[in-house]
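Remarks on the structure that follows.
A, B, C, D and E are the chain letters, set down in written order, and residue numbers restart from 1 in every chain.
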């Protein structure tokens, strides 16, 4: 007979669930509103979503305060794990979402925004990501991941044109394969240790001194494949360019930030302890992944003719760059990951938002795709401020100081240097130089070429509206004045990462 | 006295700048007049300074301001008027005054009249800096300055290709030598810690002879360039493209003697390294003969005089190299007078002949150009060294120096050269002024130069005649600074035999020249005569093929090498490799982008392939780890 | 105000540039000149307030930027940077004042003002990261100037310029991070402050590596052979003002950085690499001079001559003694003035004829006498005639290096010969001879606007050639402190002997102290 | 002959490999999705086996959630296929390569 | 012994069923094979004492999921022979068999550290369903709830994607067309 379980409510620490519950409630609220009175304007849902996201953010601030006092907190039968990584990554997830959601207030109409479900799914997705990062239980990670992913596939498809369906199907199918890899990997870990909690796995493996190294490697392999898919490491990256191209620019920008940070957290939790345990194989493999991802993605980005696709490859390259943090595995490198990602979020959201405001419904004759380079020819002549801002984002992505991403690169390379990865540091630096070329290409189109005769001069701000412009302005200010931001961020991040034991 | 020093130094500069103001405007007579007056005032100041020095005054030394000071290096703008520099100042200001006055007439019809005076006065200023500086750096300023002015003046008629070419050649050759000079300066600085003459010379006796020898050699390389010694001599003859007053002033009297001045000025150094001195003397003797031989057959009036200058510079270097610095300086002075006179005379002839230079096309000019004839003849006599003109005192002295120092080969060479000198000088005089009036064939109506030009030349004429009489005064003055070696041939008999013998030899050369060239049978050579086809003639006429060799084996290869460097190396190797790296990166991207075929099935295959690849790595590693003991055992069994 | 004069110097033009967007197109030139004039007067004020007898940094400012990571906004000038800053403000002023008619002049002036900010920033920065920030940022305005106003190959040229320099400086950044890491290891504190780094003595093998990393960044910027090929393209395609700024100021960043970073940070490595670098410098001097001689385009001649002269600067820098380094710093100024003026001059005929081919000209001395005169004087300055600004620098550089190697100096010295060859040949082709081309017969001589740019340069190049002391004095003081620092920091005996000790009086005392330790 | 955990693991691996064959080979998206079900099922077998041999319920939990996930995926996947099919009248992935490079 | 026979039998059956499912060109065969294979897998669950899982497998998988697929198949009209262009099947076979061999090679080895302490042990005398329920509603309460959210997401997704509203695309329509549409449909469809 089973004993009855006596659990005190305090020991459950239900407060740890609060940040995830808020968006879920928000999503349900949206569905309920729609049920009672359909046909509301999208701005209502945007505002509801923003309100809930701000509440979410506030609750995160609260848990951050709690963390800085009490340290890591476990909750709800030790499934929830609220440590520094969880809090930091949730800040990024929620923060980026707050910035993202007003991008739906475009002046042109797009299909997905006519659905209240779009905003509900969006909030569910955020909750999914939050669950994914706030636990070390592989089951919850898996379920959270799938929740978020399924919502994301739908969001992409809801853009409702051929390319977005194609993108969604590709993403979905490969995602299903990746999910299978994830479960297989978890299974092998479970077979090895009898547990699906990463801490427990680490303890058991350390306890027997990695006797079953071959098993461990199989598990790691499948985990790498699965997370490599999420993080778009070469050769698991093939979905990324197509999906970015197929989805709307704003969604693409979002995808380049939020799902990846969730992926990084999981990767950090799983691989970090293995690296520290001296699994050389993983170190070598990650090294190869980092270098190949950075370099190959850069090379492919060089030859693109569409800006959004170029940015897709550049995001892959950035992901490879940041993956180095996990390879290096020091407190500094893990802090650098977060710093980099915050700054990258500013810049990348900004640049995708710039693409978003220039989105046309019909592609004119001189363009081969939504955002082909020659669309931007001579932009400085027709919309100088937009051109300058776009150039700003490109320079930031290229790592030209003092714009945002430079500080991220600086700190990241420095962490490589400090950990003795000299060659890696050099490769990272040289890759930044290669990357310079394709960012420069856009600047050259904008500033140095003549506008195409007969082109619509308003094209660059075709889709703009006050919210979009504000978001871009916000991103631009963040990009330019990042140097003020860096120090507090770094202090904050470092203390959180350090106190989480990474 | 300092006021006079400053006047002497800066009056030419003022003149130059004043004239420069009008370079863009049409001819203004007053620029020439004012420039000339300023030069004359510099001459007067120099004369006052000379008097002061002659009367036993202390050398005047001023330090105007700091030029460069860094680290241990301290270079001021310092000037000194001592016995040596005052001599040079006199020569320079005197000759330049004459040339200025002369030029007012000579350049009368030239569009660049104002510009000419600006350049000419600038040259005088540079020359004054050169001779008056109290340190090597200041000397170098003047050294380069005269080079610049020489470039400007040779290329004065810049629309002429030959003139600009000659100007560039002169500048570049001088630069080569200047490099040597510069290295010499560096050596002096790093070994003595200063570039001031007095301090540097004071420190020199304590130095290693080898270092001193290098210093001497490098300084002399500098001197070789300015004084056009072999093998850097070709520019001098080409420099005759410039206006004739320029040739008189720069390429006869002053600038080319700067090299001699340098050796004289650096006498404490060269005294310490007699073997280098001997080399200098030998080279001087060689150049004397070498240049004279080229003058024998040349058919360009100015070039003949230029070679003669070269030859005389050789004489001066013999004297300087053998330690007879005062003799060298004396010959320098005397030579300046008669050679400038000769050039100015040639300028008159050119004017009269509408810039014709070939003496074979002249003849019989003594009638229309009586005064010029007289002056040039006297100057040639002085050049030939006939008693009692200036050349006798200075040139014979050099022969004596060589003899007394037991350098009989040098003596023989110099003696022979003296004969050649007389021959070619009078060949020229004969061809120009005597014989048939061949110029009529060319429809030219010669006329005598302006009166004031002739009057202007007269001081030179007088000095060319009487300069020898200053010998003792001069000797007493300069030996305060220079080694006062007296060169007396102890045996009176030898002395007289030598002197008279030399005079006879020279005189017979003159007579021979006259006989050969002063008759009425001379025609314009057409390249058919037997002599013209002889090897020796061709060799001499083509200047020993040295310009040809330079052109073929230095200039052309340099040009070709430059082109190769640019087109083959810079563009095809250095630049192409940079672009190549970029191209490889880009090309790899272009080639491998096929991986992204857009087909979902391919994408899935890539994903599986990636996983399987990792898996194989894992298996290899895992098995190796599992069976590490066995593997080690097998490996050790194999003896690894 | 004086406490923050450097910040004002840096950010005033940037602020003015931003405000410039609001200015009406026709008034922008006056605005630009006004801003340039204010900036220039500020820099003169800086000079006026500068204590010429002090050798250390002056007008220091410090502001925390990322203190956790040791990055601080530290500024300061000494005798070395002071004059380059003044030169840059001066060139901005005359550059704007002499701008001819061109499209989008507003953007050009705004870009120039931004460029001014970055240039001042580079020379005033005393924190490696701040230095790097401005160093990289300076590429952007230049990229725009070349790419938007350049010739037919402008895009290729601008990309090449940007990427080449960018690549090099990223390697340098890695070097800086290593340096900071070593400092952290030694002291336990993160710092990118240059003055802190000066106190760090590194073992020789680390010095060698770090020197190489910094070298890549600097050498590409200078540009040293064989990294120089971006320069002819950049110059060839850039508009006049672009070439002027590039040659006059931007190239100096590389050589300045050698003096500011490489030498004092890595004295032993400097000695170790002295000879190889000298050989490279000699190749630069002679090889590029010969390449210049082979050019058909007058602007390319001047461009390659820049490389050649930069070789002399490098040589002087690596003389590692006061004479050489002072000379090279002075030559930076000299070359800035002269090369800037030469590019202005080339721009003059390009504006008139829209060609830079020398074969298109000939006999210009007759048509444009004033132009020919100024060109001639500047050419002579470039050739290094005494009493012009370049001679002082070249003389001192060669003089300095002569102490280190006689034979190499002799070879390098032939630069004065080959330099004269290409310059005179080019001058002859353009100015001498008869006017053959019909189009050239009626070319107008220099106009007022062009004279505004050229006459001041002319005056400076003569003035500083005749009386360099006001500039050379402060340079000398600062260089002496650097050389002394290097001597004190050097650890190998060869470095000790190669780098002179200036404290001769206390030498024995110092030695005995070392012995005691 | 005792059936041990290794047997089940091997079976699971083989089934997984079959699933991979399907994933790579199928061009019809519906059948491709079927193949992904095989993958998940193969893992479930292993989870159940491990759970059994370790006497631990976690494995069953995992398998349970995997089934839930599989079911959700089917819903979304079919939804996507329906939209695609409405537009194009086929569900062949070879027709789905407008984006490339 | 019985266990071994059952294992090998069902192993053979599942493998062959799944093999048929991935190789046959008849969609209907494939679907039936999958359904059968899933049933056989539930047999493993019962063998392994995971009764609850077995039941879920049959209900959810063989029942619900397969029904969905069957519906889809009819919708897409793929009941007849499916024509698929197969490229280089060597890659497929090669990769898969390599993967299988690799994993099997590893899995052939016994797990060294097999003395695992079960965190949520199977208690004797307690039914599997009861035990599972116990764990599911304590330890795995949160994942369970998240799974509920996930199913909600999937449901919404399915409805949205398959819904009628997707038939016309605002994304591709110009502003004028959208305006017309709004007037026609009286703001019904669009918000």
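Operating definition for what follows: a residue touches a chain if its C-beta (ideal position, glycine included) is under 8 Å from a C-beta of that chain, and two chains touch if they have at least 3 such contacts.
Not measured: the values here are computed from a predicted model.
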item	value
Common touching chains of chain E and chain D	A, B
Partner chains shared by chain C and chain D (touch criterion as defined above)	A, B
Highest-count interface - the chain pair sharing the most C-beta contacts	D-E
Taking each chain's C-alpha mean as its centre, the one farthest from chain B	E
Chain closest to the middle, measuring from C-alpha centroids that were averaged per chain	C
Distance from the mean Cα position of chain E to that of chain A, given in whole angstrom	27
Between chain C and chain A, distance of the C-alpha-averaged centres to the nearest whole Å	43
Whole-Å separation of chain centres (CA-atom averages), chain B against chain D	94
Where chain B touches two or more other chains, by residue	582, 593, 596, 598, 600-601, 604-605, 608-609, 611, 615, 618-619, 622-623, 626
Residue list for chain A, restricted to those that touch at least two other chains	139, 143, 146, 150, 153-154, 157, 169-170, 173, 177, 191, 194-195, 214-215, 218, 241-242, 303, 437
Sequence positions of chain D contacting 2 or more other chains	5, 9, 16, 19-20, 23-24, 26-27, 33, 54, 56, 58, 61, 65, 68-69, 72-73, 76, 79-81, 83, 93-94, 96-101
Listing of all chain pairs that touch each other, if any do	A-B, A-C, A-D, A-E, B-C, B-D, B-E, D-E
Touch list for chain B against partner chain E, complex	601, 605, 608-609, 611-612, 615-616, 618-619, 622-623, 626
Contact set on chain A toward chain B in their complex	169-170, 173-174, 177-178, 181, 213-215, 217-218, 220-222, 224-225, 228-229, 235-236, 238-239, 241-242, 281, 285, 296, 298-303, 434, 437
Complex contact set, residues of chain C against chain B	160, 163-164, 225-226, 228-230, 287, 290-291, 293-295, 321-323, 326-327, 363, 365-366, 369-370, 373, 380, 385-387, 391-392, 395-396, 398-399, 402-403, 406, 409-410, 413-414, 416-417, 420-421, 424-425, 428, 431-434, 466-469, 472-473, 475-476, 479-480
Parts of chain D lying in touch with chain E, wherever the complex brings them together	1-11, 13-22, 24-28, 30-31, 33-35, 37-38, 41, 44-45, 48-49, 51-52, 54-58, 60-61, 63-65, 67-76, 78-83, 85-86, 91-92, 94
Touching residues on chain B, where the partner in the complex is chain C	23-24, 65-73, 137, 140-141, 143-145, 148, 151, 155, 158-159, 161, 164-165, 168, 171-172, 175-176, 178-179, 182-183, 185-187, 189-190, 558-559, 561-563, 565-567, 569-570, 574-575, 578, 582
